[in-house]
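Note that chain A is present in both complexes that follow, paired respectively with chain B and with chain C.
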Partner chain A sequence: MKEKIKKIGKWPSLPAIALLAILFVYNGVLNPGFFKKSTFFTFLLSSTPMICIVIGVCTCKIVGGIDISLGNLLSLINVTMAYLFSSSDMAAPVIILIGLLIGLGGGLLNGICIGVLRVNPLLATFATSPVYWGLALWIMPTPGGYGVPRELISFVNKTHFGVLPTAVAALAILVILWLLYMKSIYGISIYGIGGNEQSAYVSGMNVARSKVLAHVFGGFCAFVGGLVATGLIASGDPNIGTEFSLKAVTAVVIGGVALSGGEGDVWGALAGGFFLSTILIAIISSKVPTFAQNFANYSIMLCGLVLAVVIKLGAEYYRTRAKKKQSEEVRQ
Partner chain B sequence: MNKQALAKSLYSKLKDYIPAAGAIAALGLISTILIDGFMNANNIGAILLRASVLAIVAMGVTFVITAGDSGLDLSTGSLMVVGAMVGPNLRFGGQESLILSFLVVIVIGALIGCVNGVGVYYLKIPALVMTMAMNGLVTGFCILLTRSQLTVNLPAKLVALNDVVVEPFRKMTLLVAAVMILLQLMLTKSKFGQMLQLTGNNRQAARLNGIPVAAIAVGVYSISSAMAAVGGVLLAGYTGLVHIDMTVEYPMQAMAAVIIGGTHAAGGVGSFVGSVMGAIVLTLLNSVLLAFNMPAGARTFIQGLVLLGVLIINNRSAKLRQ
Partner chain C sequence: MSLRCESISKHYGSVIALEDASIEVERGEIRALLGGNGSGKSTLAKVIGGIITKNSGKVELDGTEVHFESPLEAKRQGVVVASQELSLFHNLTVEENICACSLPRKFGAALDRRKMRRMALEVLDKLELREMIDVPMRDLPANQKYMVEFAKTLVQKPKVLILDEITSPLYKEDVQIVKHVMYELRDEGCIILFISHWMHELFDICDSVTVMKNGVTLSTYRINETNEYQLLSQMTGISEEELERRNHVLKQGVEEAGKEHDGRTVLLDVQGMKLKAFDTEVSFTVREGDFVGLAGLQGHGQSDLIRQLYGLSGHTAYAFKGKPFECASAQKAVKSDMAFLSGGRTGEGIYPDRSIAENVKSVGNLVVKKPIKKATEVLNAYGVKYNGLPNLKITSLSGGNQQKVVVARWLATDPKLLLADDPTKGIDVQARYDLHRSFIDLANRGSGVVMVFSDDEELVELCRMTPNSRVIIMYEGRISKVLTGDDITVENIIAYSFN
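For the complex of A and B:
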């Protein structure tokens, strides 16, 4: 029992989950309607596109890299699908398939730049980010494309089998895929490479392939997010994902994924992502005036960030001290 | 043999400038041949004037990137808003004084930047996230203070910075050029420049050599923010008006300019001349694409491709086998 508690205490996702719980309780007290089924499901659905990006960024971060282009890739997928739905007579499945190909292709481009050409991951995705955003703006300079089929809209906004909203279904699919991925040899090598790239290479792991695969998975996450977003807003918006990228990175850091890679898991990232999307609701239900909302939002975000990081640093300090004590006792 | 060695050392010194210089030459050639009336003194002057605002911000970011440890600064946009809000409105005993305005703005910027530095160095928050959050926080604070209604009362001396000295150079361009030369000399000749480069190369080695790594790692963020605030004042003087989202593009553009200018992402190797060249490349590219009537999306797309190309040419890390 004690062992188990100790293990949970070492779990890097814990601070993020605690932060999320605090914010949920705050919301629930201030606004009892928050936990009503319909309100809560709407909240889940509206934050799903961003959370999809969070899962993608989390994977890229574990391998020791980062991806700040996924938000714009999501915009590109959303805009392309909305454009094709409105002004071509292609069948809906074909259009969705094109969206999937764009997602995988974008991920592949990121992966090749980072894994094969060995460009710094942050800068590589910093450069592909305007490429995707520019394409999205080129296709659709202003929001539009209102020809999204009704079936898709109602499918996304529907609660399946009475209990399973699309938001939960989409995230569950991604999380299950993520867990399967991490159980496979590719996932294990991701943790190995994130921990120490040089020794992973020396022990025969295919570093380039694993990195490319991680970024392609990120691209797939962007596709799922883009599909949900298209159903959610029933149109295309070239700026829909712009702010997701950096928010997702923040969420992943709050979620306790190690900065250098090789540590952390999807649960912390999810909690971090929901923490960020709950902040705005908490601010609105606290009746903060409009012109102060931005300031309040970023203050809470920064506080969460600092808290999560300080807890982590404190835990590390405590652990190294305990280890030192132990070794001193052994010596005596 | 001696000649060869000389050529080799010259090449290794200048090879980081090749992409930026090549891009400027290519863009110059394209615009001269294909666009009528693009290459006249007035137009060049306007481009250099616009580039000089970006250049001063980019030079600040160069400090951060050169200090290494995957440092970067995305908070420059909000600092520019602060500079543009405060600087032009300052009066000292009813008198306008450009130098005192700049000093006040530099102090405010340095204080805000210090928070960035403390978060990144001591709390070990990734620079990307820390500076992004600060950007939102400071912008939010400006909105809170002014309720999005900024008034600006431009001093005549600030507006006079747009005047032509010698075609195609305006006063502001020459000012930024002077800053560039001073900073480049500081980087290559002074003790602080050497310490900055060593800190970027290897923090542990720098610490063992008695270099105040903490002070430098925090200080570069202060310098970057201070220079961004100065850039904000210049931008207000250039555009003649101030609004809260006029600087949204600058953080990303400044980062891109620094990278195109050949500063290494891994830190330790930086160049202020390169960053200014990068700023000129981006501004020139934008003007050329505008002259071709390209829509905004296509311009962004091509800028991204150029950046990606430069990264692949000169910013790749070593093979794992080595």
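For the complex of A and C:
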């Protein structure tokens, strides 16, 4: 039992979950309507596309890289599907399949640049990101494409069994996939490569494959996010995902995923993601003047980031101190 | 199973790491590879294990030639390397680390946690380390990491096992455990290549030994048909009788040498200072104008000593310039007229994004407040070839010239004590010669110079050129021998390095 508590105390995702809880309580006190089912579900739904990107970024970060192109990839998927729904007579499943292929293809391109050609992940996705965005703008220069089928819209906004909105189910699917992958033998490689790439190579792990897979999974996350976004806004918007990319990176860091890789998990990333999307609601319910909202929003984000880093440093300090003590005891 | 290597060579640019290595090992044999620093043992190990690719030569397993392009391919054939550089993951647990190369699966790709635990426990039991199975690797003390590295190879059921100096940091009891496991493997027919600097370990554990020197395999002996002096003689080229005689001299005491100092004042006085990395004590003095070289096998505390003196390992106390001196940071050391040169040029030397002039001014202008007015004068004085363009980025210069800029930066501030950790690493001959001149000039001007060199020949050459030179040889974090005058020879350094 004591062991278990100790283990939870060392869990890198814990600070983010605590932060999220505090923000939830704050919101609940200030704005009792927040936890009303309909309000809360709307909040969950509107956060879902960004959280999908967070899960993708979290995976790429654990393997030691980063992906800042997923937000724009999501935009590309969104506008392509909206465009095809509006101005072609393809069947809806075919269009969704095309969306999926764009997601996987975009992820694969990132993965090949990073894993096979060994381009620095930040640079590689910094380059592919405007490519996806540019394509999206080319397909749809301004928001439009209002031919998204009613079935898709109502499906995304539907709540199953009274407790499970479709969009949240989509998140659940991503989380389950993530867990399955990380519990497989490849999961250990992902963490291993993130921890020490040279060791992973010498240990005979397939470094390139793991990296490509992580980014393909990121592309899949962008597809799921893009599908949900299309249902939510019932149209296409080439700018919808642009700000998700960097927000997702922030969320992942707040969520305790190490910048250098090899540490953290999807739970922390989720908490970090929801933390970011809750901030805005907290600010609105605190009646911050409109023009100060951005300032307040990003200030809190900054605080979250700093807090996450400080907690990490603190943990590191205690760890080294405990280690020192232990080795001194051994010596005596 | 038999392993045969024929005329293997490996070059890194113009540096020859391995020139002509050939060995033949039969099943059930433990073969030691013995040689000084840079003799090519580790390179040979890495070539066999597929970690690096060879330039020429043949590796044969059971008579068929193999070409390993990656460690993975080598592992598939049962060739496994455990190396001093470790292949561990600090963010995983001991259990996951041990099984990382051979993860058991079920239902296709799912990880079989239960089997993994069984596998890990099986080897940990052998190594008597059962209780540390769930510890994260980063919480493990350094010496136990080497046990885990060893455990990791065992899980892979090796047919050819290469142990590259993993026993050096182990406690004696642990070495005995490793030895017994090695014997078990041998009895199962495994080939083991064992690299160690510890002579007594070789005689204790191995069946046969191959001596290497300068990337060439010289000769192979059955262990019971040879002795320490014969092996050392092979490595150094000194006759066995001479080695034996010198060994007696060594036993007569360490601090006898270095007595002549013709009244020069003591600059650095280290008495019983605790060497943190080894938990040993060292004592020595450096007088004005002294040139002291630190030698020994790599990793016996030379670099640690230099770095500790410079305040890079936290709080240290010794006497400097006749006063007790407490050094807690590099900044304090620099402000007290010390200088530090590192062979890690990009990491600890240059500012790669700044200009040549800025680099040469950095210490004088920013730290010790002895501003350098004209960078070009200093650059010319130290023979930096910069084509009259001091405002170019320093990275536009060759490695040797970059290091000259770093040296100029320090020496222009007139330090009383120069500490250097392998300052000429990876530098061409001409630049090396120019740097040597700078070091000698500094000593002649009355400053103290303490340096580590990984190249023994270079050290000897430098010592010959300075009047008050000494070589301190370190072994396991202790000063094992001090050489002066005509005793400073490459052969002596190697001989005493092995204690």
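Rule of thumb we're sticking to: the second predicted complex is superposed on the first by the 332 of 332 C-alpha atoms of A that agree within 3 Å, B and C clash if a C-alpha of one lies under 4 Å from a C-alpha of the other, contacts with A are read in each partner's own complex, and residues count from 1 in each chain.
Quick note on the criterion: a contact is a pair of C-beta atoms (placed from the backbone, for glycine too) under 8 Å apart; a residue touches a chain by one contact, two chains touch by 3 or more.
Computed from a predicted structure; not experimentally measured.
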| message | Taking chain A as the common reference, can chain B and chain C both be placed on it without clashing, or not? Answer clash or fit. | response | clash
| message | Looking at A:201, would you say it contacts chain B, chain C, both, or neither? Reply first, second, both or neither. | response | both
| query | For A:184, is the partner it touches chain B (first), chain C (second), both, or none of the two (neither)? | reply | second
| query | A:131 contacts which: chain B (first), chain C (second), both, neither? | reply | first
| query | Does the superposition put A:120 against chain B (first), chain C (second), both, or neither? | reply | first
| field | Which superposed partner A:319 touches (first chain B, second chain C, both, neither) | value | second
| message | Taking the superposition on A as described, I'd like to know which of chain B and chain C A:25 touches: first, second, both or neither. | response | neither
| message | Tell me which touches more residues of chain A here: chain C or chain B. | response | B
| message | Once chain A of both complexes is superposed, is A:192 in touch with chain B (first), chain C (second), both, or neither? | response | second
| request: Would you check which partner chain A:263 touches, where first means chain B only, second means chain C only, and both and neither mean what they say? | output: second
| field | Stretch of chain B, among 41-49, 95-103 or 185-193, that runs into chain C once the two complexes are superposed | value | 185-193
| task | Indicate the residue numbers of chain A shared between its chain B interface and its chain C interface, in ascending order. | result | 198, 201
| field | For the chain A and chain B complex, residues of the former touching the latter | value | 66, 68, 113, 117-120, 122-124, 126-139, 141, 197-198, 201, 207, 238, 246, 249-250, 253, 259, 291-299, 301-302, 305-306, 309-310, 313
| Can you name the residues of chain A that touch chain C in the complex? | 183-188, 191-192, 194-196, 198-206, 258, 262-263, 319, 322-323, 326-327, 330-331
| Okay, in this complex, where on chain B does chain A touch? | 70, 72, 74, 119, 123-126, 128-130, 132-134, 136-137, 139-141, 143-144, 147-148, 252, 255-256, 259, 265-266, 295-305, 307-308, 311-312, 315-321
| task | Would you tell me which residues of chain C are touching chain A in their complex? | result | 51, 70-72, 74-75, 81, 83, 86-92, 96, 100-101, 103-105, 109-111, 138-139, 141, 152, 279
